[in-house]
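Got a structure for you, written out below as structure tokens; questions coming shortly.
Every chain is named by a letter (A, B, C, D, E and F) in the order it is written, and numbering of its residues begins at 1.
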Amino acid sequence: MLSNESKAQVLTRALPYIQRYAGRVVVVKYGGNAMVSDDLRGAVMSDIILLSLVGVKVVLVHGGGPDITAVLQKQGIPSRFVGGLRYTDAQTVDVVQMVLAGKTNKDLVALIQRMGGRAIGLCGLDGGMITACKHAADEDLGFVGDVARVDTTPILNALKDGYIPIIATIGADEGGQVYNINADTAAASIAGALGAENIVLMTDVRGLMRDVRDQATLIPVVQVSEVPALIRQGVISGGMVPKVACCVEAVRRGVHRAVMIDGRIPHAILLEMFSDEGIGTMFH
Amino acid sequence: MLSNESKAQVLTRALPYIQRYAGRVVVVKYGGNAMVSDDLRGAVMSDIILLSLVGVKVVLVHGGGPDITAVLQKQGIPSRFVGGLRYTDAQTVDVVQMVLAGKTNKDLVALIQRMGGRAIGLCGLDGGMITACKHAADEDLGFVGDVARVDTTPILNALKDGYIPIIATIGADEGGQVYNINADTAAASIAGALGAENIVLMTDVRGLMRDVRDQATLIPVVQVSEVPALIRQGVISGGMVPKVACCVEAVRRGVHRAVMIDGRIPHAILLEMFSDEGIGTMFH
Amino acid sequence: MLSNESKAQVLTRALPYIQRYAGRVVVVKYGGNAMVSDDLRGAVMSDIILLSLVGVKVVLVHGGGPDITAVLQKQGIPSRFVGGLRYTDAQTVDVVQMVLAGKTNKDLVALIQRMGGRAIGLCGLDGGMITACKHAADEDLGFVGDVARVDTTPILNALKDGYIPIIATIGADEGGQVYNINADTAAASIAGALGAENIVLMTDVRGLMRDVRDQATLIPVVQVSEVPALIRQGVISGGMVPKVACCVEAVRRGVHRAVMIDGRIPHAILLEMFSDEGIGTMFH
Amino acid sequence: MLSNESKAQVLTRALPYIQRYAGRVVVVKYGGNAMVSDDLRGAVMSDIILLSLVGVKVVLVHGGGPDITAVLQKQGIPSRFVGGLRYTDAQTVDVVQMVLAGKTNKDLVALIQRMGGRAIGLCGLDGGMITACKHAADEDLGFVGDVARVDTTPILNALKDGYIPIIATIGADEGGQVYNINADTAAASIAGALGAENIVLMTDVRGLMRDVRDQATLIPVVQVSEVPALIRQGVISGGMVPKVACCVEAVRRGVHRAVMIDGRIPHAILLEMFSDEGIGTMFH
Amino acid sequence: MLSNESKAQVLTRALPYIQRYAGRVVVVKYGGNAMVSDDLRGAVMSDIILLSLVGVKVVLVHGGGPDITAVLQKQGIPSRFVGGLRYTDAQTVDVVQMVLAGKTNKDLVALIQRMGGRAIGLCGLDGGMITACKHAADEDLGFVGDVARVDTTPILNALKDGYIPIIATIGADEGGQVYNINADTAAASIAGALGAENIVLMTDVRGLMRDVRDQATLIPVVQVSEVPALIRQGVISGGMVPKVACCVEAVRRGVHRAVMIDGRIPHAILLEMFSDEGIGTMFH
Amino acid sequence: MLSNESKAQVLTRALPYIQRYAGRVVVVKYGGNAMVSDDLRGAVMSDIILLSLVGVKVVLVHGGGPDITAVLQKQGIPSRFVGGLRYTDAQTVDVVQMVLAGKTNKDLVALIQRMGGRAIGLCGLDGGMITACKHAADEDLGFVGDVARVDTTPILNALKDGYIPIIATIGADEGGQVYNINADTAAASIAGALGAENIVLMTDVRGLMRDVRDQATLIPVVQVSEVPALIRQGVISGGMVPKVACCVEAVRRGVHRAVMIDGRIPHAILLEMFSDEGIGTMFH
């Protein structure tokens, strides 16, 4: 049970952060454990609604890993991964679209609505938001796509009309072929196109650590220019490489700050954005 | 090869109809064969885009029968129908949402965008558009729902922003439970809530016929007050009953005209709305 | 009696053309036989209303040759032409203003209104739309003027308010002296000032023909850069020279396409703008 | 040469009147000597521009008597008057439209524009502003019309866009037949439809006088309810009867004050509206 | 040092309260110790800025007791109180205006601006916001006034333009005489005129207590209908009577809730509005 | 008693001046005798209201010399002047703020409101309008400030909302310290920031005169480039130097004309702005 003094302190300390973000666009890439656990999902949506109420133009971009795998299994379609990316044949891309845009996306919309927020679920096909092109890789990945172009109109319309836009990351090329697009890279492109103030990537790690076994070695702030050295030193390695690449890409596209936070911590978004210490690692 | 004179005549004769519908809301319930055949689907979307360009505020409401059945089969979930309605247990409603909102809906969006139109795909969960309640029936149908309330804001926003709203007919109750809602009845409710000028139901029959075996007996215009007599006479029977009920319901909710057209005729919507004769049966 | 299939085809084929012109400005210079015959006049106004309804911002610029001559005759004022232009003394310019702005212009307004369209009749004096200067010529032509400057505000206001602006081509210089301005050249200046997509000149010929006696020699498309050669070859000669000069001028002022069509063909505007083949000759 | 004190006094005394009329609609019926003399015409237009600049929404309605007679004479068409109204056959109504809407109207527009004001010339045909019907009289008057309905949209649009609307009083019936409408009665109808604060009728008399030979008997203010008695007493007689009828009609349609002023006095409008004494006779 | 969990909890628990007040008007009557202490003043302004940022339309109404007394003393003008109200002669009302509108008001504006908020300082004279009338009392109080009428336009303009309106409670009567108006009653009138959701009165007591010596007897919620009984029981007595009267008056004028809070508790406004327990006594 | 002709002439001659200033910003620096005498104050406010009604965006900037001295005297605080500027210690700046923003400013607001105008009283603290910095001088002047930056938002908001902004010239630095700013220099800065058409300085002299004892030597127009020579010649000297410096400064910041007028002449503003001769000296 907190004292009134403590309560007031927390709310008051949030003030300068709310002032900083009021009216700005913040893109949240939502994924990992924060998406799987019901409790964490509720906490994230609560954070998103709160951000939206204090005047932040928050845009939620999500992937849908486990949901997709589950439906593929039910339909007896084998999952195959190449270099961390799902090989996506014609029937797989169909399932990906259906699950991402129809299940994961709309479940989040319904959850926010039930919690008193206002949300609209969109995918990259709506209003031609994401024009995709085939992802170039050494090995063919099928219908895995990159973002060629973002039309921010449907996102800005939703924000203007007072809705939280929730975005499933599929897109189509000029000929109408649908592609499965990695949610991290799509979020970075969308944040860049929106001229976002912040992009927040929810992950399953504390942030970038000098020694992954020791949380005390967390690096709170990284200059984009330091990244090559950190890669050479092996501090950025393995699954961290593409995550960091997204942060760097977003900053290059004009986003002021890209933050990697631990989605396993309840209300990690609020703690990162509205308190003095921040949590996780910030790239700028 | 048509003469210039004929071409000019067709365009010119469309003028008074365009004048009549300019700025008005027209709800098209899209289903049946017009949804299954690629050619017919293209013709319908072309009609929809044309209506939108000539200033009609067109709203497309769709079902997704065959798509749902196909995915249920792939997942080994048996389909069971009670009195023409699909028994919808928890796993079925999950598939219904996923297929309607993620596949059928977004495929239509992508098709319109590729043809040069501008569309946004929504379902009844977006912005809390459709509040549903459990459908009351003699036999329990599971998560089959009725429309309790329509919030037209998301639809009107899409129209105002220059998009064709495409709507998948699922909805949630106050507790967040999702329901599968019959597209015909949802379309009637939506048309009523929007104060639509017209609702156009695409079916697989020519319209209401005194003798179903003889197209020459097509009844072009029916007063809503004549319907009970037509039911008694057996002219309205079988699968026609719920279709006619939707038309009657829409008219009761203030829609000026409810038209049942044959979706198997290419460009049936244009022919109905923009020519002297009309096709199908109109209720008013 | 056309089949439904043919009707649908004509409407559907118009779609890409409507998409191309939606929201764009198209200036129609109206004159010649299309202005004299009641039937043709009705057909032109019907086309104009249809264009307006499908979202084209159509501006009608007209001359008034026969009307002016008739009133001059009634008042016993002789008509004298110098190099194809009417010598315009003080009492003639008075009649020109009165007939163009008071009779021809308002008759067209009334006709469109009666056919269900919405029109406002303006002349170059309204809101200071056309600032004129004396036309420089070898022989003095009196109060024949050129367009020195166009203020598009009154035209844009009419379009914004949903009216078809109908424009009589007289103008005044800084001192208030009124001038009679050739409608073709005024239309080209107005189209340029509006940044029009198209200017359509209604004439009494099929278009530019290599052999004027053989309609099969119609030249459908001409690059502006080809015009000098066509003049040297004698293909452009006589009454065609000023018409082509207007088209060239309009294109030079930034209008995308200038089209010369045969006003004797009913609905020539629609046929030119909304069908695959076009009719007449297009300069770009 | 006025002292600074006197100048300041005049301007300052205008203040409460400007406050009263700011943002209100005032209809000025312009006619008589004020229209014939160049000096008076300039003074009236200067008053109109000044009113417009100080925030009055001024609407100018004009007749065109002498202009019409002059053109009819030039064309050898005899003028015939029945009970003060011009018998108007088909060729006469044609001349009336042409002269009123093409000459008188546009000359006024040009004059205001040259004096630095902004004006748009409209007639009752534009945007369907005046729907007319045949004037019922004992003796047939041909195409003399009454105002059946006023659509104020074109007038309000001109005011909103910052133009002074100048209106020629012809109108058409549903079938498109044009009618010549008395400017006084048209002005009263327009003022009523606009909910005008004031209607100012410019005449060639000082106002209503108990003894027409003695200006000292001018009646400055008349209650509408006193009019019948004044008619019985013979104070209102002859040409005054229809003028007073217009004032009464305007007041009945909700106009706050109807004022009859002497157009032969330069700047009579300003003197009436912006000074303590007023000139002429006010009905309310 | 609070745990992340505790911080997140405080912020999250504020969510439903923020949702409730978003877009609503809340009037804060600011006075007493919270106005005298620098620390408390900073805490109040911080709360006001925070409320404003989370979308509450907050209006600050203040008195200025000690400031006024200090300046009166400096000028050697004796203060005299009659029944708790300051006797206000001509020179006193001059000082009151000067201090309230020029010192207390503008100091608060400057403080909010320095803390990153946006504020505009107004008094009841600005835009004719408060029309006052002489306060009727047994003994003459001089220029002590009551609120006769509130014109909310200047307040609504400030809110619309994104400023926090800060209001000094003086007003003038029709003749321009300025009056000193009690801030509590002015706040109640303003809250009523604005249709406020809440009025918050900052006092120097915990709230309404059954036994003033025992804070445990605080009455958290009072129905307006219970007030007469509480007065009879002596629970509401002394200085509480006028405070409660203001709360009752505000509720009678349509304000949903009137809350009396203890301004000596730092951040009392936030604690009252954004936490589960509330502090102080709420009338509704 | 003026003749109608004279009255009409005065009003009519004002027309071109009203046309010139309509919609433009004019800053009036109000001070000196015009502020002390009740009659002159009324005349100035009447002029301001009239300018506002004829569409001029008038901004009133005022000092408050005698009011400040009077209150300082009442509080026994000695006034000390250094080089024409008041030495301003901490208690003096407090009195300056209180008197300027609370008494002089709000008295003017109340006067305009009582005369039927609409005014809002602001000081440089409101909305952070004036950021001040310490005035650099040979001798320390205490809290005498210069204008470092003007945020015109609160002024433009007041104009947009139809109010006359009345501005007291105090401002604060980043740390919140309040400064007393000379009204002439503040007015010049505000006029520059607003891109004003005119700045009008009310003084107690006729204008710039070659011989101060002979009003016939008034210089009506001065080019800014002529000023240095006029200083060398001694024509500009003594108290005129800072006044002229303000005019020059305003013109350098882009104001078209800076006019020095004699505030002792009733309605000097109207006479200067709305008549042919002007009064006073104009710099451009």
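Throughout what follows, a contact is a pair of C-beta atoms (placed from the backbone, for glycine too) under 8 Å apart; a residue touches a chain by one contact, two chains touch by 3 or more.
Because the structure is predicted, anything quoted here is derived from the model rather than measured.
A.B. asks: Could you name all chains that are in contact with subunit A and with subunit F at the same time?
C.D. replies: Of all the chains present, those in contact with both subunit A and subunit F are E.
A.B. asks: Moving step by step between touching chains, how few steps can get you from subunit A to subunit D?
C.D. replies: Counted as steps through touching chains, the separation is 3.
A.B. asks: What chain lies farthest away from subunit D once each centre is taken as the mean of the Cα atoms?
C.D. replies: That would be chain A.
A.B. asks: Where subunit D and subunit F touch, do the two copies share over half of their residue numbers, giving same, or under half, giving different?
C.D. replies: same
A.B. asks: Could you check which of E-F, A-E or D-F has the same interface as C-D, with more than half of the contact pairs identical by residue number?
C.D. replies: E-F
A.B. asks: Indicate the whole-number Å distance between the mean C-alpha point of subunit A and the mean C-alpha point of subunit B.
C.D. replies: 36
A.B. asks: Which integer distance in Å separates the CA centroid of subunit A from that of subunit C?
C.D. replies: Averaging C-alpha atoms per chain gives centres 56 Å apart.
A.B. asks: Using mean C-alpha positions as chain centres, tell me how far subunit C is from subunit E in Å, no decimals.
C.D. replies: Distance between chain centres: 69 Å.
A.B. asks: Can you tell me, using the touch rule above, whether these chains form a line, ring, star, complete graph or other shape?
C.D. replies: ring
A.B. asks: Output the circular ordering of the chains, read from subunit C in the direction of subunit D.
C.D. replies: One full turn from subunit C through subunit D gives C, D, F, E, A, B.
A.B. asks: If you look only at subunit F, which of its residues touch subunit D in the complex?
C.D. replies: Residues in contact with subunit D: 2, 4-12, 14-16, 18-19, 22, 43, 46-47, 49-50, 53-55, 116, 265-267, 270-271, 274-275, 279.
A.B. asks: Please name which positions on subunit C make contact with subunit D in the complex.
C.D. replies: Interface residues on subunit C, with respect to subunit D: 71, 74-76, 94, 97-103, 105-106, 109-111, 113-114, 118-123, 125-128, 153-154, 157, 161, 163, 170, 172, 175-176, 178.
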